[in-house]
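Listed after this line are the structures, all set down as structure tokens.
Below are two complexes that have chain A in common, paired first with chain B and then with chain C.
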Partner chain A sequence: MAMLHTINKSPFERNSLDSCLRLARDGGSVLLIEDGVYAATKGTKVADKVTAAMGRMKFYVLGPDMKARGISEDKILDGIQVVDYGGFVDLVAEHDNVQSWL
Partner chain B sequence: MKFGILVNEGPYNHQASDTAYQFTKAALEKGHEIFRVFFYNDGVNNGTRFGVPPQDDRNITKLWSELAEKHNLDLVVCVAAAQRRGILDADEAKRHGKDGDNIAPGFRISGLGQLIEAGIQADRLVVFGD
Partner chain C sequence: MSVKKFMYVNRKAPYGTIYALESLEVVLIGAAFEQDVSLAFVDDGVYQLMKGQDTSEVGMKNFSPTYNALGDYDVNKLYVEKESLEERGLTVDDLMPLTYEDENDDYKEKPSIRVVTSEELSAIMDEQDVVLSF
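And now, the complex of A and B:
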């Protein structure tokens, strides 16, 4: 049972990233969308937490939402894969179910 | 694969409806089926044809209507949420003695059972909200 978790809030605004990482099972994936893309950037206070979680879950970030916020790919943490909306659709199809952390 | 889409936020106050639209469009382009798009809570505000955004801004309602026409999508607005927020079709307007209706082309008003059915019939239900 691999679950896809989408997070659409900045980790500096709400605790949805923390809630997700606390409750998600190993082997699932996290897709950062909308303001959630800030969790994917280098040098923030949550960067170590996200990097540590990569050992047990895969991380993705939605490219168009990065671009809309002026975040270029070189600012994204190593190990996070950038996807477009088509990639978002593929991730939903590849996982057994989707949990939106709103 | 069959997808169900749930939109819980209105247009312009949050990105949820934009993301849901882009996701739905991408899924259709990849050959997937959209079983239904259900608009709940403030999401029902996506279904009024009376919105007039500035010309250089996207018209979210119109985008949904056009996508629905092109792909024969089932866009369902929750009736109880819609009544509270003044989203009416001709039947609802008549029933409540209102002088007009504002439901946008391609949208229809129905009950929460339609969301349950989407959850059962679709392979994946994807939620977009705040």
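And now, the complex of A and C:
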């Protein structure tokens, strides 16, 4: 079953990203929203573990939440796809279920 | 009344919680009391100063331009912890170029943001009379 995982917390303040990566099954997708978008940026102390997880799951980041926080697309890790609100809806529709890591 | 050293410590990212906006409101109110005010940005607090914030698509107020006004209220010591920037892959160039006019130096425009190490920030915190955390 393909699950869509959403993460809305900063990886530097909460362990939502770690718990998601530990428990999510291969073949699912991760969508980074709100303060979760910081996990999608280059050069951070969590970038290596995000990149490593890309081998088994697809990664997306919500563009409007990036823009609000002053993060431009060139700061996003290679392999993470930027989506808008319509893309968020498409991801929800394409997956069997959604799990929110709050 | 003697002037006291007030430091506001900011440790939260903007928008995800209300802390950053509330801190800024309190700093602006506190500025009216003409105390020696400084701000510290550590952990996710450094994200408050990111340049190019554009909240038009999230339906929230972009309060980042307000940091530009701090200099006019004699709030011109914004300490940013170097270690927090580095953990997040950021440099001072990713932050807003905030400045103030130095009345003791012919109103020359000077940068308000000072990147300091943990060690330096620790010493600055130790000098404070009042520390307020957000």
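Going forward, the second predicted complex is superposed on the first by the 102 of 102 C-alpha atoms of A that agree within 3 Å, B and C clash if a C-alpha of one lies under 4 Å from a C-alpha of the other, contacts with A are read in each partner's own complex, and residues count from 1 in each chain.
Methods note: a residue touches a chain if its C-beta (ideal position, glycine included) is under 8 Å from a C-beta of that chain, and two chains touch if they have at least 3 such contacts.
These numbers were taken from a predicted model, which means no experiment stands behind them.
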Which of chain B and chain C A:69 touches, first, second, both or neither: second
First, second, both or neither for A:94, with chain B first and chain C second: neither
Which of chain B and chain C A:10 touches, first, second, both or neither: second
Partner chain(s) touched by A:48 [first = chain B, second = chain C, both, neither]: neither
Partner chain in contact with A:18 - chain B first, chain C second, else both or neither: neither
Chain touching more of chain A, residue-wise (chain B, chain C): C
Which superposed partner A:34 touches (first chain B, second chain C, both, neither): both
Shared chain A surface residues [contacts with chain B and with chain C]: 8, 34, 64-65, 84-85
Of chain A, residues touching chain C in the complex: 8-10, 12-13, 34-35, 38, 41-45, 47, 63-65, 67-72, 75, 84-85
Contact footprint of chain A on chain C as seen in their complex: 12-16, 43-44, 47, 50-58, 60, 62, 64, 87-90, 94
Partner chain A, residues of chain B touching it in the complex: 1, 3, 8, 15-16, 19, 22-23, 25-27, 29-30, 32, 124-130
Partner chain B, residues of chain A touching it in the complex: 8, 33-34, 64-65, 84-86, 88-90, 92-93, 97-98, 100, 102
